[in-house]
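The two complexes that follow have subunit A in common; it is paired with subunit B in the first and with subunit C in the second.
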Partner chain A sequence: MTWSPKLGAGLGLAALIVLFGLFGPLVTGDPATIRDIGLTPPGGEHLLGTTVTGQDILAQLAHATRGSLWIGLLVGVMATLLSGVFGIFGAYAGGAVDEVFSVFSNVMLVIPGLPLVIVIAGFVPPDQRGTGTISLVLALTGWAAAARVLRAQTLSLRNRDYVAAARVSGEKTWRVICVEILPNLLPILASQFVFAVVLAILSEAGLSFLGLGAANSSTLGTMLYYAQNGFALQREAWWWFVPPGLIIALFGGALALVNFSIDEIINPRLRDKARRRRDVVAVEAEVAPVEQDAVLTVRNLNVVYQATTPVHAVKDVSLTLRRGEILGLAGESGCGKTTLAYAINRLHRPPAEVTSGSVTFDDVDVLALGPEELREFRWVRLSMVFQGAMNSLNPVTPIRAQLQDVLRTHRPEMSAPDRELRCAEVLRLVGVDPARLGSHPHELSGGMRQRVMIAMALLLDPQVMIMDEPTTALDVLVQREILNEIKRLRDELRFAVVFITHDLPLLLELSDRIAVMRDGEVVEYATAEDMYLRPQHPYTRQLLASFPSLTGDAGALIT
Partner chain B sequence: MNYYLRKAAFYLAALWAAVTLNFVIPRMLPGNPVDILMAKLQQRGGTVDPAARKAYETLLGTGGDGSVVQEYLSYLGNLLRGELGVSVSAFPAKVSDVIADSLPWTIVLVGLSTLLSFLLGVGLGALVGWKRGTWLDSLVPATTVLSAVPYFWLALILVALLSTSLGWFPLNGGYDVVLDPGWDGEFLGSAIYHGILPALTIVISSIGGWLLGMRNMMVSAMSEDYVLTARAKGLKNSRIMIRYAARNAVLPSVAGFAISLGFVVSGSIVTELVFSYPGIGSKLLQAVQNNDYALMQGIFLVITIAVLGANLAVDLLYGLIDARTRDRSAVS
Partner chain C sequence: MTTLEVRGLTKTFHKIHAVDDVSFTLTAGRTVALVGESGSGKSTIARMIAQLVRPTSGEIALTGPDGEPVPRRRYRDNVQMIFQDPFASLNPFHTVEHHLARPLKLHGRPRTEVPHLLERVSLTADFAHRRPHELSGGQRQRVAIARALAPGAKVIIADEPVSMLDVSIRLGVLKLLARLQREENLAVLYITHDLATARHFSDEVLVMYRGRIVERGPSDDVLVRPQDPYTRRLAAAAPNPESRFSLGGQP
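== the complex of A and B ==
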């Protein structure tokens, strides 16, 4: 756990207020003592002034802080217990229990809490309205939101492998919950507890301000109630009504800061600083002599992840892609092939940085493009099909909108009917019924989604298409269909392809030339034939040997 | 089951729970509300005929003859006919009339300020998430501290500063009392003028929650693959932010509307007291202070129904903006 300034400030402030509530009452004297000095502004003997009856505000504040914290703690514990029972136990038990608990939590959630508390408090005669009763009512009306969060988290936990393993091995239910599930829920429980405490203090303050709080109790809310009824506002006695509210606000704010830090522990995405730094540094002006017929030339490209210990993900890579060529990029996961592909289009995310080298597209120096030029370059000249087509499509908009987006942006002069025609045309090219334009991604199969991605990549007739593991997640039959599709489209439309995969035999079938990458370096770069018949590098040989199918009918994949 | 049917069933269940809670609470708690009510009624010169007593007993329980089941059934029947009894504090007005008079004030005030707060919070949250690492980040802790401020206290401070000291806004009330309520420009202008400060209170106190939630989801959404695709497509930044990142990030905020709406409604009840706003919150407090149990229960029911209705509307909207929800529940 990292010690962030937010967490420090939050805990510090909260601790100060707790200490004030704990020890303040011991040193400030009796808050109820009435003096005939009336409303006195702060200063001298009374640091925070006095109320209209001459009671010392500092003393009242100390006692009230203690009262509010006590109720907050009481309610926080009870509400967290309740939400634990309904959220964790329900979700773990599953089936009808979960269904009933979940409906019950949701019903409790939509019934507005404070009005209910007010009605209940209204029915209970004041002399029977003790701190315990009020706390119980606040806990009963305040646990539901937390239960919902806990339920969702428990549901995902109970399906994890280690929990399943514990269940299968016959562990008792309470043991599985306590040993396997609870520890993983601790950050969420902590954040929900903090939330419940703040909510309880706020609600209690509201109730007491309305005169419906616990009888004979002294909380920040009752202070505000007396301030309001003593016309503190009209008398401009700010020292009477500002401090109690300020303490609530500061305490709530401090706990909110603590909650921030807990959030960042739960969700790592919130933690790392995504400062948008330069994505390219030190671009060399010398544009390498471009080969005849080359459409994309990469020279001595270096990409470094600027972490605490920098990772050199792409080392001095040089590649040439000719018009209409399929260039295979092979290597194990983590070898830098995806980083390389992203860097060509400058899609690498911070902290990745291109530290040196050049990427030349026809006559365009890609690394030197300004943001707007880069935007106009993308997809028009070079499009991409990503790894995991499942998540590459926007889940909440239909296919049509996602295809038309491209045309709207890059072909603003195109009319609406023409756009529609073009979208239908590319879908037909990849063998998807144009009627699917109105479908959402979740309504399509994995293979179909990948076809839609390829159709999208075709929209603007780019010269180059980068395909990053486009078929990895698909079953073998669909994979073969799509590969055939790619080859056919390439032959028809004459675009060049950079095809990235860990599957070297597949590349031998598909590509004209192949680059094998290892630890960020291209270790071998040759035509597919040379690589199959005369592998030079030991690593290539090792890769080839690890696919037994190759010794058999190697020609079966692409028909 | 169909998504919409499921939702309708859930809200019916919630409504039934609220109605039943309303029936059970006065019977479970100590004290004899009917006697208190009858005494109050007598003070106000009301007739203590057996019919009035019977009506209150149906509502609040007798502890005497007649089975609970029977009472429950006639209670439900009365509700269906909209008969909520007679208010003691506003005697001889009927509870339903008192509510009808005050409800529009609250719906307009709380409804508009909640909508405004949601739009502002979600919009700012999207921007803060998108521009992460810039000075905008400091908006997050600032607004969160604001949302830890009790509504009524903030209202007091605003009144002290803007009304008492500067005299920019009226101290309290929903309109200038010399005017007659009606649909003329002068009255509406006065109502808007009086509503600004209460609305400001609600917006300031509730915006932090929306902003934080949206910002966190935005940060998560920005590392999703579809945002990468959108960038690779060379779309304009504004389009990626709105159509791809924010469009997905807003879903949990909409789904979590129920939680937030509860807070806002609770907060605004107390806010109404500070401003002596002629809404339903002030009436609820008036009812509680005068032991006007019939009015209390009527108002609780109406508030609950309003909150349920708002949630139902949001749920239906959610089905529209996320097609996956409809299909998922069709399978299960």
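== the complex of A and C ==
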């Protein structure tokens, strides 16, 4: 668990109040003793003054805090248990049980809580309205929202492979729930519990203030009730109603802080306060000599993730992409190939930072472009097809609208019929029937969606296209079709491609030149033929050997 | 000799035949590869054999070394599964030891076997106290293999065991499986979409297309000289630099 100032402050404050509730009543004397010193202001013998009947406020506050905490704890435990039973068990059991449990918690959720509590509490005669009854009523009206959250989370967890694996090894259902699923729900349960406690203390205070609280109980709410009845406000006896109000507010605030910290543990994205730095960094003054016919030149590029321990993701990489060339970028996960592609396009986000080096596109220094020029540069001159791009189409609008959007943004002068023609044309280019323009993404297969993404990248006739694992999620037959399409388009349109993948044989077949990356460095940079016939670096050889040939000697691998 | 016989296995989801009348036999000491594209029904077969999914019809019969049918309650002692994604198949909350000790205990074996299990998958005993997030993908998959061996299983269903791993460690994990298969005389069903590894690591290949087996036979026959048009297309689609640089040089 990560210790944050928020968590520390929250826990510290809550602990102080709990200690006061636990030990305060032992040292402050009897809260009910009536003296003839009504409404004495704070100071002297009575640190927080007295009530209208001369009772010591500090003693009352200690007992009231204890009473409120006790109710909070009772309700927290009961509500968490109820939400756990209905949320977790229902979701794991599935089928009719889940259906019934889910409907029940939804019904409970739409019943307005506080009014119901007031009605129930008002209905039960005062002499039977004990702390237990009030807690039960509060728990019954407060568990449903938590149950829904737990159900959603359990539905996701029960489909995890480790749950299937536990079942395959023969674990019983209750053990799967308690040992495999429940621990992964702990942060959520903790957060729900804390929330239930705060809500219970607040609701109980509200009920007691209305005179509907537990009989003979002493809570912060009853203290406020008596202060109200004793006209504390009109008599300006602030010491009577401010302390209980303050304790409620502080305890609520403390637990809210704890809950924020739990949220950060559940959702690391909230924790990641990426330092927003200037996007553009010092670019080396001297521009390296540009290779003949080069369209994109990367020189000594370094990209660092500025985390607590900085990660040097791209180390001194130099590459040249010629017009009409397919450059393969090969490497395994974490080698920096995607970071490199993002940096070339200036799409990297903090904490990633280009620390040195240059990216030159024709004569343009990409790292020095302003925001407006950058927008013009991306997509118009250099477009990108992302990994899993086929899933990044907007599911609720047809293909036509998504293609036309690009044209509308970058070619505002284009007329509507021209836009339609251009969209149909690029779809034809990638082998998709233009009749599909009216289709929604879910009506297309994965391979077709990926073709649409490539069509979108082609819309503005870019000179360079960066493709990051464009076929990894596709089946081999579809991959083959798309590879053929890329080769044909390159020959027809003469654009250059940076093709990023872990699949070295694919690159050997497709690319003109290949760069092999490992740990942020380019370890070998050669033509496809050289790399295939005469691989130099041991890592290249290892990668090549990792792909057994379909037609080679059988059994050679088994040793 | 332990054998698992699958007869007329069918699974229908909402009137769609995910698996349609599939029959094959897994025998101790042999690896059968089940190849096909996504959605062809391979994983559904794995999940039916692992008793995670109930077949619509057909039967799965397990015969023990004595030639007698294995009783139902002993089924999971004998048949275990290795999942595709080692990042999802280990519980992030628990240590490696938990993942191995539980199946050992459930199948009546002492938890002192844990170091021995780790050793069999080429991991050291100190891995027992680590949690999944401290392991690399390859190490996780080795733990998953050890978990499948823990009950003393004789039939292993490996569902795409290396497709989520980095390319440079895939062969290592496959070689480990092949070695265990020989040493323990296991019957292995190797499910994959990669024809090349299917050829090198199996004795027999079944090619699946839309829930049916369209071609079957010894690996070399099926994958080097495919007869079925679908298998041919599949074999031709795999990236093949050899055809581009047919200068005779070997990499």
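We take it that the second predicted complex is superposed on the first by the 470 of 559 C-alpha atoms of A that agree within 3 Å, B and C clash if a C-alpha of one lies under 4 Å from a C-alpha of the other, contacts with A are read in each partner's own complex, and residues count from 1 in each chain.
The rule is simple: a contact is a pair of C-beta atoms (placed from the backbone, for glycine too) under 8 Å apart; a residue touches a chain by one contact, two chains touch by 3 or more.
Since this is a predicted model, take the numbers as computed values, not measurements.
By the touch criterion stated above, A:203 is placed in contact with subunit B alone, subunit C being left untouched.
When the shared chain is aligned, no partner comes close enough to touch A:428: not subunit B, not subunit C. Once the two complexes are laid over each other on the shared chain, residue contacts for A:383 go to subunit B alone; subunit C is not touched.
In the superposition on chain A, contact of A:440 is made with subunit B only, not with subunit C. By the touch criterion defined above, A:235 lies against neither subunit B nor subunit C after alignment on the C-alpha atoms of chain A. Residue contacts after overlaying the shared chain place A:494 against neither subunit B nor subunit C.
Measured by the number of subunit A residues touched, the leading partner among subunit B and subunit C is B. In the overlay built on the shared chain, the residue A:166 is in contact with subunit C alone; subunit B does not reach it. Taken together, the two structures place no residue of subunit A in contact with subunit B in one case and with subunit C in the other.
Taken in their complex, subunit A has these residues touching subunit B: 6, 103, 106-107, 109-116, 118-125, 128, 145, 198, 202-203, 205-206, 209-212, 224, 228, 233-234, 236, 238, 241-242, 244-245, 248-249, 251-253, 255-257, 260, 263, 267, 269-270, 273-276, 345, 347, 349, 374-380, 383-384, 386, 388, 391-397, 401, 405-406, 409-410, 440, 442-443, 453, 456. Those residues of subunit B that touch subunit A in the complex are listed here as 10-11, 13-14, 17-18, 21-22, 25-26, 29-31, 33, 132-133, 140-141, 144-145, 147-154, 156-157, 159-160, 164-165, 216, 219-220, 222-226, 228-236, 239, 243-244, 247-248, 251, 258-259, 261-262, 265-267, 269-270, 273-274, 284-285, 287-289, 291, 293, 296-297, 299-300, 303-304, 307-308, 311, 321-324, 327. Partner subunit C is touched in their complex by these residues of subunit A: 160-162, 164-171, 179-180, 183-184, 332-333, 475-477, 479-480, 483, 502-506, 508-510, 528-529, 532-535, 541-551, 554-559. The touching residues of subunit C, counted against subunit A in their complex, run 37-38, 47, 50-52, 76, 80-81, 83-85, 88-94, 102-103, 106-107, 144, 147, 150-151, 166-168, 170-171, 174-175, 178, 193, 195-197, 199-201, 219-220, 223-224, 233-245, 247, 249, 251.
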